[in-house]
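Provided herewith is a single structure, encoded as structure tokens, for subsequent inquiry.
By letter and in written order, the chains are A, B, C, D, E and F; residue numbering begins at 1 in each of them.
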Amino acid sequence: MLLHLSTWSEVEVYLKQSQGIILPIGSTEQHGPTGLIGTDAICAEAIARGVGDAVNAMVAPTINVGMALHHTGFPGTISLRPSTMILVIKDYISCLVKAGFTKFLFINGHGGNIATLKAAFAETYAHLADLNIPNADLVQCQIGNWFMCSSVYKLAKELYGHEEGSHATPSEVALTQYIYPEAIKQAALSAEVGSGHKIYGAADFRKRYPDGRMGSNPALATPEHGKQFYDLAVKELSNGYLEFLNTD
Amino acid sequence: MLLHLSTWSEVEVYLKQSQGIILPIGSTEQHGPTGLIGTDAICAEAIARGVGDAVNAMVAPTINVGMALHHTGFPGTISLRPSTMILVIKDYISCLVKAGFTKFLFINGHGGNIATLKAAFAETYAHLADLNIPNADLVQCQIGNWFMCSSVYKLAKELYGHEEGSHATPSEVALTQYIYPEAIKQAALSAEVGSGHKIYGAADFRKRYPDGRMGSNPALATPEHGKQFYDLAVKELSNGYLEFLNTD
Amino acid sequence: MLLHLSTWSEVEVYLKQSQGIILPIGSTEQHGPTGLIGTDAICAEAIARGVGDAVNAMVAPTINVGMALHHTGFPGTISLRPSTMILVIKDYISCLVKAGFTKFLFINGHGGNIATLKAAFAETYAHLADLNIPNADLVQCQIGNWFMCSSVYKLAKELYGHEEGSHATPSEVALTQYIYPEAIKQAALSAEVGSGHKIYGAADFRKRYPDGRMGSNPALATPEHGKQFYDLAVKELSNGYLEFLNTD
Amino acid sequence: MLLHLSTWSEVEVYLKQSQGIILPIGSTEQHGPTGLIGTDAICAEAIARGVGDAVNAMVAPTINVGMALHHTGFPGTISLRPSTMILVIKDYISCLVKAGFTKFLFINGHGGNIATLKAAFAETYAHLADLNIPNADLVQCQIGNWFMCSSVYKLAKELYGHEEGSHATPSEVALTQYIYPEAIKQAALSAEVGSGHKIYGAADFRKRYPDGRMGSNPALATPEHGKQFYDLAVKELSNGYLEFLNTD
Amino acid sequence: MLLHLSTWSEVEVYLKQSQGIILPIGSTEQHGPTGLIGTDAICAEAIARGVGDAVNAMVAPTINVGMALHHTGFPGTISLRPSTMILVIKDYISCLVKAGFTKFLFINGHGGNIATLKAAFAETYAHLADLNIPNADLVQCQIGNWFMCSSVYKLAKELYGHEEGSHATPSEVALTQYIYPEAIKQAALSAEVGSGHKIYGAADFRKRYPDGRMGSNPALATPEHGKQFYDLAVKELSNGYLEFLNTD
Amino acid sequence: MLLHLSTWSEVEVYLKQSQGIILPIGSTEQHGPTGLIGTDAICAEAIARGVGDAVNAMVAPTINVGMALHHTGFPGTISLRPSTMILVIKDYISCLVKAGFTKFLFINGHGGNIATLKAAFAETYAHLADLNIPNADLVQCQIGNWFMCSSVYKLAKELYGHEEGSHATPSEVALTQYIYPEAIKQAALSAEVGSGHKIYGAADFRKRYPDGRMGSNPALATPEHGKQFYDLAVKELSNGYLEFLNTD
């Protein structure tokens, strides 16, 4: 059930049977010479909708821009500062809690969002407690990182080994190829690729990872792989969502 | 050209020929018993992409959630507070300016966003001036409200007269029907509809507009109307964008 | 009744018969070679006091500095950033609501304040709702722009035609001449005047409007005109205030 | 020279001979049963203008609302939160520094403003240093509290002894009587008056100081006293301003 | 009783008999060629613990970094901006109030903290009032500046006369020598020392006070003096704390 | 080398040979019936000083209060909100970067700090880049969690198996016993202990973990164990610091 394709009356009915909602969150950031700038949002959205279908859950509109400050040395990247993103998440959750939602699963496509999301959850719980909202103490937020699903991780290792890398990975590129076959990109990839450096500021990042890839070989990606990743992630996160709902 | 389906290298090439970008911005808010919660984002996104195609401009990912605090009395509405939205817009523009963009057209689907967008632009110009960025003084932001295009407005009056109303209007509902024919909703609409009240807080709004409509009769909408609105808005905003680009 | 010339006991008595208050808000910004930097605050204050006298309403101290970032390229301009102004307005209203006021009419002398004021109202309604204040849901804020009164607008067109322009206008200059005849300024005005450009950042503004005027010829102003504008604005806004008070 | 009655060109000329400016800052807060809510702003403004005349200095529009949270238990009080006021002061000074001002004398009418003003100055110096503005390192802000002038203090002790108290004092009431003889208030004052309690929150303040006075007997005030205080304060602060200007 | 060496159960027991808590607050800032960067925190902590022992009060962990922006021109200084420090103090007090504490004595080692602390207290009282916490109206915060104790001040004058100065004073250096005899520093001190200049920004401060001292001669300090200051401050602030506790 | 026991001249000398600094960061939060509220700060401080001695690095004053909102249901806990902590970290680092430091190792004693620290680093890198500071692009921040050192983790598993748990663990309690043998606490510990629940808000946390422990049996701790943990952590983090310094 997609929130943006529902009416408020349908939401009202939904809330009588479930207080859970899935929020896809991605990023708008460079993904190397062949990866789409929207990769993280595209993956999160597709998987979130797959999960929503599988478990009959409400899916909120995708948060397309996340915390990608370290990628801002490459054109096309858009990032919220962490302090902004905390406010955004707080505003989202507060609105939905007042309407009756209490279980929030953020299906996330970008590792760089995780820290700020966790900080935002803590900030939000405390904010809601201050407001004396009846169901504030029931509010629970979780992050479901599709790329960290054990089944996804296992397949990526099988298919790509160390060439999976950690950014602009063949697995995420494959998934976008499956979702947008019309947007498969071709570009020469140097054999040499930055790898193993820690992440600091944007200028430093671009110096160490000059084409944007982090140890990955996205040329290995295929749309068929993408479908496999999709199916695995949807299945694993669907189970996760149901377990989340069924735990008090 | 869709930013989320581009690579950073493609953006780099694009920036050599144009510094313009289109940002669709909508809202996630109740639209009466039959209007989709995502109406404003759906309309803005579709028209922005149409304009992007027509004028060969880069289109950023859609800002799905805007300033809709007055609608938060209805379940499913998500809103940023104005102070949050100002930070979001500032973060978006700042990233893109550092990459080289200078002309920002926000194609907007929600009247409630206009004031905060204008405030955000002012805040952002001053912020950029403080940063000593070379092209800060060239940065220009405009809002293109599709529903205020004169051709759109004229057609809506012709088709619906005073039943167009001002929220959950048949024109915007028609446009969503054209874009998502699979999500056309049916629900009984009372003949009586709230109308003419000013907008204050969320509780007050719900009291005055109990089903969410503001003076509108969305039952008049058809997908065919929606196509007409789409074509008119794309044409008028395409011209607007080109004029914007060609003015120093 | 002027708040700053009242005692708290007098306010307490006033609140038993009315919960309305008028807040003059202006700006401190350049107004061309002959316009006073305080023009917008001067006009708003004088008219607000006129309205207060006419309808026996409480008038708050004038907010002398508003949102004029685009004028900051000219010396003497002082501006709040929009994010600051939102906090200021929120603080003002919150204090007054806790004391019992619920109807707020901001009599405004500066077009550049409107967007931020609207954003601030939305932010404030939501803030008050979070506080569980008894009368939070009754709070209503409106803006009364004296220069947009239909009677004022009509007279300006009659007297000045297109030479009214849109900043440092003869109508507002006339009004300040009526209020401060001792501060009527003389300066050569070039026949050529910037006109029709959109407003972006401060440096851009100064480039397009080199002497600060926007399409106006303030040399046409006279104190007698000023009195006419004053009378019209007071009358029209007095009616507006009473209607506001009498609407639930 | 009053900024609000000047043109931007006059400010430009002024800046060639002086970089100093006087900013009156008051408060809008209860001042006991007979004191005006605007007392602190009225006094600061009148004295600032007197000083401006005496030393030929630019005087900015009055900041009418300051930090008076502890008085908000009495109707009619309006206060900024300290965090808001810091932003306001930062915005004011930043605008004026960019125009060329470097010496800021805040003529202050309210003890409760002092701490927040000092905090704001520190915040602003650091902010300006970050901006790489040429004259940032020359910026100097001082507070001139008229009620703490030694000559004023001495006269108050002579005239009123311990009945001067510390809020709603006869000296400040006298000054407002001199400035606004038409607004001299009469009300019964209890012989008993709260005194000697520390200041905490608003509810606590109202409990300890039930009529708003702090140890004072404003019935002793006369307009003639007011003139004496005015003359003393203008003289002493004029000397202070000149000394400030002449110290590098 | 040291909070950091207590368990939560011990705090629970403590709260049944007392709602008071002592919070040492210092600064991390240059103290001249021979003064320790931690001087203000070291002194505040030692004295606070002495007071805690004397009056059986809970002592919170030391706030080591305060408002020292004007010292940031010297390496090793760390400062919060005032706006940050307000939030820090608000967060500290809010947590402790929710647990049941209502009387807060900040034992302070740095003059530069005072203004921001006062601003923070006002901000916090208002914040707590908004939260509808039962004991919000009982919350009281005070500052105890050890260096302003009358007995301390008297001794410093006796021992050092005008060579006490106002920063990197022999009294505070003596106290750190008593507490950390292993960290007594030797360095040549110029006979000439900056004195009598007002405090503005960091660059200005370093220019006027080139070695960091403000009119002081810390070479006069001895550990024995330090013990005397310690004893006097503990005694005077212990009495102050008890009086604070015993006043409603 | 302890920053708080150094003079600014010593820091100046230090900076000529190293731009690295160690910042201990802990928390002030409940640690079960027998764990000290200061456990995380105590451990971080002791280990940081050990590392500083071992590698001759500057050690900053301890950040005693971190992000512990989920523990605020227990008296004695003090927490910053994540948004506050981001500002604090930004202020700390900004001051130190301006003085010349570029390598920041936060030795951390609290898992709950990690997400907010990471968010703060990202925020700070972007902030510094905006300031045009020469060495902004060289700034690097890392977190060294002593409890996640592989040698520490291994020993904890050997000594305590699953009774190590994840909060109020015997390993951290042992370390505090080694550091503060005079503050070893005795209290009955129920055999049953909350375990395996995810962390949400403070009220929820206290319900699931009624005595504050998370799956741990701190009764197993001994001061001798504490010494072992200390030695292992100091060794491992010293190596980590040197590697950090030696990597460009």
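One rule holds in what follows: contacts are C-beta pairs under 8 Å (C-beta built on N, C-alpha and C of every residue); 3 or more make two chains touch, one makes a residue touch a chain.
Every value quoted in this text rests on a predicted model; they were computed, and no experiment measured them.
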| task | Just send me the rotation angle from a CA overlay of chain B on chain F, rounded to the nearest 5 degrees. | result | 120
| query | Between chain D and chain C, is it the same set of residue numbers doing the touching on each side, over half shared, or a different set? | reply | same
| task | Compute the distance, rounded to whole Å, between the mean C-alpha positions of chain B and chain E. | result | 53
| said: Centroid from C-alpha atoms only, then distance chain E to chain F, rounded to Å. What do you get? | reply: 24
| said: So the centre of each chain is just the mean of its C-alpha atoms; given that, what is the distance between chain B and chain D in Å? | reply: 46
| task | Send over the residues of chain A in touch with two or more other chains. | result | 72, 81, 83, 87, 132
| Where on chain B is chain C touching in the complex? | 67, 69-70, 72, 81-83, 86-87, 112, 114-123, 125-126, 128-129, 136-142, 198, 200-204
| note | Touching chain C in the complex, chain D uses residues 2-12, 15, 28, 30-38, 41-42, 60-65, 72, 74-81, 83-84, 87-88, 91-92, 95-96, 98-100, 180, 183, 185, 187, 212
